[in-house]
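Two complexes follow with chain A in common, the first pairing it with chain B and the second with chain C.
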Partner chain A sequence: MSTHTNTYPQGDAFNASLKTRYRVATIWQFAFLSALLIAILALTALLYNVVDGAFGYVAYDYKKDPATFTPIPVNELTKEDLLVILKENLSSGAYNKLENEQKLETRTQGELYTLFLERLVQIDTKATWSMTDSLFRSAEIRAEAAEKYPDAQLEFRSWLTPQFLTTPMSSKAEFAGVRTAVLGSLWLVGIAILFALPVGVGAAIYLQEYAPKNWLTNIIQTNINNLAGVPSIVYGMLGLAVFVRTMEALTSGSAFGVTDSNGRTVLSAGLTMGILVLPLIIINAQEAIKAVPDSLRQAAFGVGATRWQTVWYHVLPNALPGILTGSILAISRALGETAPLIVVGASTFISLDPNGPFSKFTALPIQIYQWTTRPQSEFHAIAASAIIVLLVLLLTLNATAILLRNRFQRKW
Partner chain B sequence: MKEEALDLKTAKAQSFRQIDLRKKTRLGEGTIQALLFLTGILSIFTTIAIVYELGKEAMLFFADPDVTLVKFFTMTRWQPGIGEYGIVALVSATLTTSAIAISIALPLGLASAIYLSEYASPKARSVLKPILEILAGIPTVVYGYFALLFVTPILKSIFGDGIQVYNMLSAGLVMGIMILPLIASMSEDALSAVPRALREGAYAMGATKLETSMQVVVPAALSGIGAAVIVGISRAVGETMIVAVAAGAGPNFSFNPLDAAETMTGHIARISGGDLSYNTIDYTSLFAIALMLFLVTLVLNLISQWVVNRFRERYE
Partner chain C sequence: MENNNYAIETNDLSIHYGKFTAVKNVSMKVERKKITAIIGPSGCGKSTLLRAFNRMNDFVPSCHVTGELMLQGQNLYSRDVDPVEVRRKIGMVFQKPNPFPKSIYENIAWGARINGFKGKMDELVEQSLRAAALWDEVKDKLQQSAYALSGGQQQRLCIARTIAIQPEIILMDEPASALDPISTLRIEELMQELKQNYTIIIVTHNMQQAARASDYTAMMMIDDQRAGGVIEFDVTKTIFTRPKDKRTEDYVTGRFG
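Presenting the complex of A and B:
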């Protein structure tokens, strides 16, 4: 026997403690797993909440009875009927304004019918219900609606419709669409990527292929990592000060003869977004370039290629899938980013499509923010629909990124 | 015979083109390198521009004789229009929401990371990791919608009238869910970097899987986990949309999670969302807040990088 005391349990005591240790280990394993389950639950709740909001019963009412405009039942109105009704009942000012936007004769029956409902009959939404309620408590909802809103009609509605995608913004939730916002987002992302991709890849090439190992390179690298962590709203403030205010002559287009605009244009917002995603693109491109094996470069140098020839003909083509994947991730970041757009000054109400870099704009996340913060529940319903549109866009982009990665990824 | 062969050799040698192997100046190459250098240095200009622009406007704010640093840091009301400059009223909400977010995201994120790195089979990982990635890819404005229209009603049914429609608790909880994937993925990277030999050593000593994870692997990865937490805090402090939608619209010096209060970011978003004219105290005060925000997140990010480099256990 050794002389020092052994505190570790021996024999039966050890076996007994072993049992406890294993039990504790199992309990904790479930605790760890449940953390992941909570994350999954949260994701499910979030997606469910969005879908739940985008469909459901609506109780609505006509401010004016359709019968006061026409004896024909509303669902049997033809295009010709509608043209006559609109011409007779709209004020001449309003009629001419519509004519100027697009000749009424050239519009479809559906568009005219929407105008009829929006301008003349004036739908008035009384209440909305979530999808779950609508599916499982439909009898109660019917009773409630009949009691509270005796004149109202009840219908199960999908707020997300093809029209929702193609109609511009409207001040009434029933007629609002995301067309302006989606186009605004596309302009924004296009400008951002046009700026950030060449600059970002250039910076990555410089840092990986050219930069000497010295203090300056170190500072650039640390700085890029830090920029990736700067809050997006700070980029918004930068964009407000630099692009919107200081460079107003350029970003409003007044230097190019555009007069009806200030600095709060899609160009300013796009450039701000470009600066914001730049670190992301640089870091991803650096990773992609780093993954190209050195033997390739040495082989190129060996047959007498210059550094740029090596980069252009050998390194870049091999790093391209990685760079593209990184760019797609940057695009999805730019697509969902909201805060800098608010600061740079996205218009909250705009019904004209953006027609150039100097136009005012709105974007999908801005609309979601606007609609979510309205108190009326019908706006929450269209916010949910807009979220679905945004998430589907993002999902498509990310799926493309993953496909690209799997298709072109090479193992060296 | 011999001479003939020699002749042939010299003739052959002369037929080769003479190559000048000295370094040449290549104009194209130089231009390209200069351009690439410019793109590389642009990021530095971005930082300089941020500091300069925010600093310039913030200076204008502090140049107002009514604004003093003492007021800025000690007053508990923020209303620059009527001479109240206490940023504490905004900082309190930022601290409260961030604290709630971290107290959700740290335990859940770390536990998820430990499960993914130590317990999950490759097959389970390939299912579970993408779920975290999806969670990380959801735009924050969508989280805002979720906070206001899902979490707040639930909290309302728990706390009844004790909780306001806009409240910091809901925003903080959802922010925690938003940060969870970040902390999980950074911690998991740190855990996976711990060499297998350490685990095998622990098993050989008779440790259970839990003891190995908690007493060997986690301590070895502590620097990476610490960095993840700091980056998480920095993200929470800078997060805007969730708090702008769900936490409340109006500065309120309060640490009570059930109260409505506006964070620094939420305040910037709300004020700049309206029509803001340049050269007003409202305009310059926003830049003072943004400068604070930038400095705080910068310091946090630098600390996190320092922690990783300083305390990393190297196994070679």
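Presenting the complex of A and C:
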């Protein structure tokens, strides 16, 4: 018994040491909690910053008084009134151009009203304020606006409107929308996933289930892991050299009879993004396949299954949730990447929807980047709105993938 | 004619992992419709030998086999033999129950289907489950998950799955080591029924199980190069009562090591 008392602290000494242990534990627990709080704070600040820019007071006036076009108050204008006003006041060239795009009679009152504001009275934004300022310093803002812009009207507005989603690009922030950018991004992600998912999963299956473990496969594996960390601009250069230039006949569609296009198409960009997310998909699929227990493979082989039957009926279905997790990461990456798109030649100003793989295109990050570099504050406001659209799009696509994953995750 | 009494036989069968020889020069004749047990201390190559019988070792990259494994006059390791065909003829039940993550029905039907079974699937499922003494317990929940079954039931399902592809030989790798005593007993009773129709080779750690359940016993032991080999192969009763080899006697009487 005496050896025990000598080797381990007893009584008060033990209690003292226990206290120290608890103290150390508390300090670490606090450190972990702080780390979590810092992370939450950073994300909240990010989100707040975005939302802050997308709503707020705006001071604007009209270059021409609406009263010079019509005696009717602007908020009582009907579609017929607007058609007459536009017909009378637009130059015939401008009117015919609009007619060619879409017959004016077939447009909605809202669209016509936007045209009226854009082309005739020519709304002119003088200043914008952030949401925080608008909420807490509204009296000061009113005073400032009244003093600096005596003719301007002050209005609290959300830059993120349904119209913002459905209108194409415009050189005026008030009338600009993200429709072309959203469609471009969807095309881009779609093509990227369509290309990268089968190729990536195929490569992962081969590496995990078929390839022998030797120095060659080791080198390949190491390279795939490293490729996942290569800066995206490098993929942009690759895309430019391979898809835009070398394979121009295919990516521009000239081999399929499309004439008015060069290699800077949504197809080139999508394939570039596909290459970019390929390592990500391969690695995730490999991990998912690795996680399928060997006992399952043995069970299948044990009843006389071939390698392929084992993979197809047992390994893949069980690895599918993990594979879809990889594709979620891939979608997020493809949706947010900007640098490679600049290199492969995304258009910064385009008002036509992408209508096929050989279209010129723009994408949300490009649009956001372009708007934030403009000096006018109203462009920063629509950039903030576009960021919200991008985030919502990201969440929607990811939620779809997660729903799919949960469907396949049915546990027996 | 004596060939007909043997389901499978090995001639100087050796199993190597790279340069290391794990099992050396095994020559044994396994009699048809009997239960042959392989016993021996841990690491002596029992499971390695068993897996060589249906070419499961093919999946270990560095593994290669020399010597002959004869089934009906054909060396299963000759070049023109397809390992998939071998595994259809020689089924296997593993140490840990490993049903597919599917329904009970599908666990049996899958193996049959991929092997091109043309008969009535419902009948096959029922027959196989009856043969594995599981039918009465699961007949009302065939569409339920196999994972909902107890460990012993899962192992009998694995046996049913193996029976369903109508093999000639069933290999069992410590099939009861993960089970409780009652489930173990049921598996042993089942083996006695199965030997009416099948040749069974079983690896076991459990001396009593080998003594109780088997007709023949192969005693394995490693030599000074750490290569396992069959040191004695005889009728089970002889192995347990009058072993010729001193090492076998020490092992079966619990005086080993």
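For the reader, a short list of remarks on this structure follows.
Everything that follows uses one rule, which is that the second predicted complex is superposed on the first by the 356 of 412 C-alpha atoms of A that agree within 3 Å, B and C clash if a C-alpha of one lies under 4 Å from a C-alpha of the other, contacts with A are read in each partner's own complex, and residues count from 1 in each chain.
Everything below uses one rule, namely that a residue touches a chain if its C-beta (ideal position, glycine included) is under 8 Å from a C-beta of that chain, and two chains touch if they have at least 3 such contacts.
On a predicted model such as this, the values are computed, not experimentally measured, just so you know.
In the superposition on chain A, A:R21 makes contact with chain B only, while chain C stays out of contact range.
Counted by residues of chain A touched, the larger count belongs to B, out of chain B and chain C. Within the superposed three-chain model, A:L36 lies in touch with chain B and out of touch with chain C [touch as defined at top]. Within the superposed three-chain model, A:N318 lies in touch with chain C and out of touch with chain B [touch as defined at top].
Looking at the shared chain after the overlay, A:A192 reaches neither chain B nor chain C.
In the superposition on chain A, contact of A:A288 is made with neither chain B nor chain C. Using the contact criterion defined above for the overlaid structures, shared-chain residue A:G302 touches chain C, although it does not reach chain B.
In the overlay built on the shared chain, the residue A:I331 is in contact with neither chain B nor chain C. In the superposed pair of complexes, A:K213 makes contact with chain C only, with no contact to chain B.
Overlap of the chain B and chain C contact sets on chain A: residues 306. Taken in their complex, chain C has these residues touching chain A: 54, 56, 59, 61, 84-85, 87-88, 91-94, 96, 98-103, 110-111, 114-115, 145-147, 158, 161-162, 164-165.
Only residues 21-22, 24-25, 28-29, 31-36, 38-40, 42-43, 45-46, 49-50, 53, 198-200, 202-203, 205-207, 210-211, 219-220, 222-227, 229-234, 236-238, 240-242, 245, 275, 278-279, 282, 306-308, 332, 335-339, 342-343, 345, 348, 365, 368-369, 372-373, 380, 383-384, 387, 390-391, 394, 398 of chain A touch chain B when the two sit together in their complex. Within the complex, the chain A residues that touch chain C are 212-213, 293, 295-306, 309, 313-314, 318, 411-412.
Interface of chain B with chain A (complex): residues 26, 28-29, 32-33, 35-44, 46-47, 49-50, 53-54, 56-57, 107-112, 114-116, 119, 128, 131-132, 134-135, 137-146, 148-150, 177, 180-181, 184, 208-211, 214, 231, 234-235, 237-241, 244-245, 265, 268-269, 272-273, 278, 286-287, 290, 293-294, 297-298, 300-302, 305.
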